[in-house]
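So, here come the structures, one by one.
After this come two complexes, each holding subunit A, first together with subunit B and then together with subunit C.
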Partner chain A sequence: MELKGAQVLFYYALAFFVLIMAVSLIRARSAVHAALYLMGTLIGTAGLFLLLHAEFVAGAQILIYVGGVVVLFIFVIMLVNVREEITETTRLFTRQEAVAWVLVGAMTVATIIALRREANLLPPAVAPPEGTALALSEDTQRVGSALYTRAALPFEIASLLLLVAIVGSVILARTRRQEETFD
Partner chain B sequence: MELFWTIWNHPIVSEYVVRRLPTIVIVLFVILTVAAYLVYAERKVSAFIQARLGPMRVGPYGLLQPLADALKLLSKEDIIPARAERSIFVIAPMISVVASLVVLAVIPFGPGRATITDVNIGVLFILAVSSVGVLGIILGGWASNSKYPLLGALRSSAQMVSYEVAIALALVGPLMFAKTLSMVGLIEAQMTDGVWYVLYQPVAFLIFLVGGLAETNRAPFDLPEAESEIVAGYHTEYSGFRWALYFVAEYTNIVISAAIAATVFLGGWHFPGLTRLAEPGTGLYALLAVLIFAVKVFAIVYCFIWFRWTFPRYRYDQLMSLGWKWLIPAALANILVTGAVLVLAQHLGLVETVRTEAGERLVSLWPWGKLFLIAASLLIGVPIVWILLAVINRRSADFNLRVQRQIRLPERGEEEIFAEV
Partner chain C sequence: MVGWAVQETTSFVSRFVEGLTAPKGVVDFLVLSFMLFAVGVLGVLSRRNVLIIFMSIELILNAANLNFIAFTRHWQAMGRISENMGHIFVIFIIVVAAAEAVIGLGILIALYRNRQTVAIDEINLLKW
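Moving on to the complex of A and B:
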């Protein structure tokens, strides 16, 4: 999709925000700080979804990832108390930094070359019709009907998988004595 | 200076900033004042319920009390505990406040420019942004580096995360009638249908009210604060302005909860006969609409305060079982029943989906359609939810009176097991 006017501004602001947050996330020494940077990354990504006119995905992203997953992360961090590791002067990275830089550089060059040469390999962008930028788009309806028609099977499989995970964790967390007492 | 005017006149800036600026300023000012006066209202209502007078010293009938409180909080010493995690301790109350104030952007206070903005994911936006508020609480409790705030934060965030699910599921019912997530669209749908969704969705309304009470940490669900166990909960170590931020967030959340309930279930600023009093589009119409909305919101807020001084509070395990074993199954059953009733009504030709320029609208074409939907919600929805809850909770001892009467003291062998658990 071709960006126009203020969209460019928003895109670069959000993209750099997400990148800075992501780099800070892996460099953070404290686990809680890392969780906060993760929150920043996810909110920035939700902003990018908004630029793509995927309002429902953006809302669901914040609701599930920021309001659910990050909160659970922080729960776990608090309960296992990782505070002591902060004060230790452990190395954050292994000694293979040079190799990593070479790989990153190679991948960047490869991506740029690929984008320049094979730009037409990317799927054609579908620009939203004029006017929808300000008016209400029907993204939510489309996601909803897709979930009940084309994507119904994968959606159900994913939810079944989650259900199994939930039941499994409950079984693992319960002790035998609890079972006997509360049955 | 010239650059400033170029930016000011840019179409996007003028559309999204300049045109909305007056509304934003007014809404912020009004809501923050209302939040301050809610504390006063709460003290007054509680005083009247307990046959006292409440605040009477500052101004006539103590009306200037919130102002005095605000001044006191602003001039208090700003204490950050020595071993606290400084940066997070500072950020946490800000997260809470921002999360609750951002929601105000999509609350429809009135027609036209009285609403800051209307987005097509309105309800989802509100749920998403207010779920971020939990982070403020949990981080504040953790950053204090003290055991009571940490325990309080764990408790209140567990409570808020559980009741969020019930609230979101309860809102699905009305959305099935409105066929839109936009807050303005929800009001318009109720206007075209002529029936407030509280009549179609009494179960969902009840679930939303109970969930809203728990979500805003209010009595009888005010478990985050327990003087005898965890002192003041997550904000034990906070004082002065930072503590005031948490308080602003809390009382703004109450207003927001009431505003969502008024919009989704009570028709927002719509009232039968409003168009006869004033011509739509005029200033008088907008003013009346905003007043109607305010009356509805304050009626619900008053109920919130009333509940606080009427019901005894829940024990923590009772709170959790109420959330997971009562509200969530009830909300799920409500969705299923609503779907079935709607399909049935469509087959009988009682309701029809009409395409308007604002989107698809569900319209019951004649009074029988409305009557059928109302009767179905009361005669089919309520009994089915009731039976389901009875089946799920037949062995629960806390709310089931019949089981409670049969409770006997554990015998010798069982006693040991209880002691170890």
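Moving on to the complex of A and C:
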């Protein structure tokens, strides 16, 4: 895999966008702003997926994450409504912040060492065989057939997981009055 | 001395520009994915607001997804694999992340109802 020409430009634009959004997310004072930054990060990642020819996953990312999870976050922000962090004097970070920085620094060093050592073990990218490139991407078709053949059992288990998640969240979030009414 | 410094600087700048415009392979995506992961870990470990911690967890999962997609593309371009199981993994990660967010936010609502706070250093009932 090699991105060339305009694709490099898109890579840089999306990478900087995603990283800026991610850093703004963990520094945001308002939870609503954080949700919007999360949305930006997810849309940027979907763009990177498109760059990597994963069209179906990019679409699923937009639909499920941006359309579902972020909206859920915004609803919970509305229900919880904590405004104390908006005042400038409130602490945003816990007292473990220094430990977190040390840990992330150690991770960075480990990753740099690993990449310097192992990147040569990754075989260099070669041009894909000619004649396989089609005008229309086959990605969605291949994901669909894999999902219904090799990954059929996990697919069914995922539906069960989602059912349990729906019921569990209703049980967790109901009030005492509702419990007494329905028991 | 000055000439050497100028020469070194120009060669560094030219190599830097060359690196910027060079074709991007799987390693560039690994680096980006690691940066995203590090930002997420920093958010999880250091923020006080539980909502922001949940959002940082989503960042971490996204970094893992980016790795899966980049490696699928890499091995496909190499001609080593023809099917894209990496994409299937990403779809399942998205499903599990959605379920996790739903349950976590349900717990968060119940917690807020009982304690009137979402700051994790004030939720210390299980701390010895």
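Here is the rule we use: the second predicted complex is superposed on the first by the 137 of 183 C-alpha atoms of A that agree within 3 Å, B and C clash if a C-alpha of one lies under 4 Å from a C-alpha of the other, contacts with A are read in each partner's own complex, and residues count from 1 in each chain.
To be clear about the criterion, contacts are C-beta pairs under 8 Å (C-beta built on N, C-alpha and C of every residue); 3 or more make two chains touch, one makes a residue touch a chain.
These figures come from a predicted structure and were not determined experimentally.
**Student:** Between subunit B and subunit C, point out the one touching more subunit A residues.
**Tutor:** After superposition, C is the partner touching more of subunit A.
**Student:** Kindly classify A:20 by the partners it touches after superposition: subunit B alone (first), subunit C alone (second), both, or neither?
**Tutor:** Touch partners of A:20: none, neither subunit B nor subunit C.
**Student:** Quick check for you: in the superposed arrangement, does A:60 touch first (subunit B), second (subunit C), both or neither?
**Tutor:** After superposing on A, A:60 lies in contact with both subunit B and subunit C.
**Student:** Just checking: does A:68 make contact with subunit B only, subunit C only, both, or neither of them? Give me first, second, both or neither.
**Tutor:** Both partners, subunit B and subunit C.
**Student:** Contacts for A:6 in the overlay, against subunit B (first) and subunit C (second): which applies, first, second, both or neither?
**Tutor:** A:6 sits against subunit B, while subunit C stays out of touch.
**Student:** Under the stated touch criterion, which partner chain does A:139 make contact with: subunit B (first), subunit C (second), both, or neither?
**Tutor:** In the superposition, A:139 touches subunit B and subunit C alike.
**Student:** With the two structures laid over each other on chain A, which partner does A:94 touch: subunit B (first), subunit C (second), both, or neither?
**Tutor:** second
**Student:** Taking the superposition as given, does A:178 touch the first partner, subunit B, the second, subunit C, both, or neither?
**Tutor:** First partner only, subunit B.
**Student:** Taking the two structures together, which residues of subunit A meet both subunit B and subunit C?
**Tutor:** Comparing the two interfaces on subunit A, one with subunit B and one with subunit C, the shared residues are 56, 60, 68, 139.
**Student:** Which of the residues in subunit A end up touching subunit C in this complex?
**Tutor:** Listed in rising order, the residues are 1-4, 7-8, 11-12, 15, 18-19, 22-23, 25-26, 28, 31, 34-35, 38, 41-42, 45, 48-49, 52-54, 56-57, 60-61, 64-65, 68-69, 72-73, 76-77, 79-80, 82, 85, 91-97, 99-101, 103-104, 107-108, 111, 115, 119, 122-123, 125-126, 128-129, 139, 142-143, 146-147, 150-151, 154, 158, 161-162, 164-166, 168-173, 175.
**Student:** For the complex, give me every residue of subunit B touching subunit A.
**Tutor:** The touching residues are 10, 12, 15, 85, 87-88, 91, 118-121, 124-125, 127-129, 131-132, 134-135, 138-139, 142-143, 150, 153-154, 157, 161, 164, 168, 181-182, 185, 358-359, 414, 417-418, 420-421.
**Student:** Where on subunit C does subunit A make contact in their complex?
**Tutor:** The touching residues are 20-32, 34-36, 38-43, 45-49, 51-52, 54-56, 58-59, 62, 65-66, 69-70, 72-74, 76-79, 83-85, 87-88, 90-92, 94-99, 101-103, 105-110, 112-113, 117-118, 120-121.
**Student:** Tell me, which parts of subunit A touch subunit B in their complex?
**Tutor:** Interface residues on subunit A, with respect to subunit B: 5-6, 30, 32-33, 36, 39, 55-56, 58-60, 62-63, 66-68, 70-71, 74-75, 78, 134, 136-141, 177-178, 180-181.
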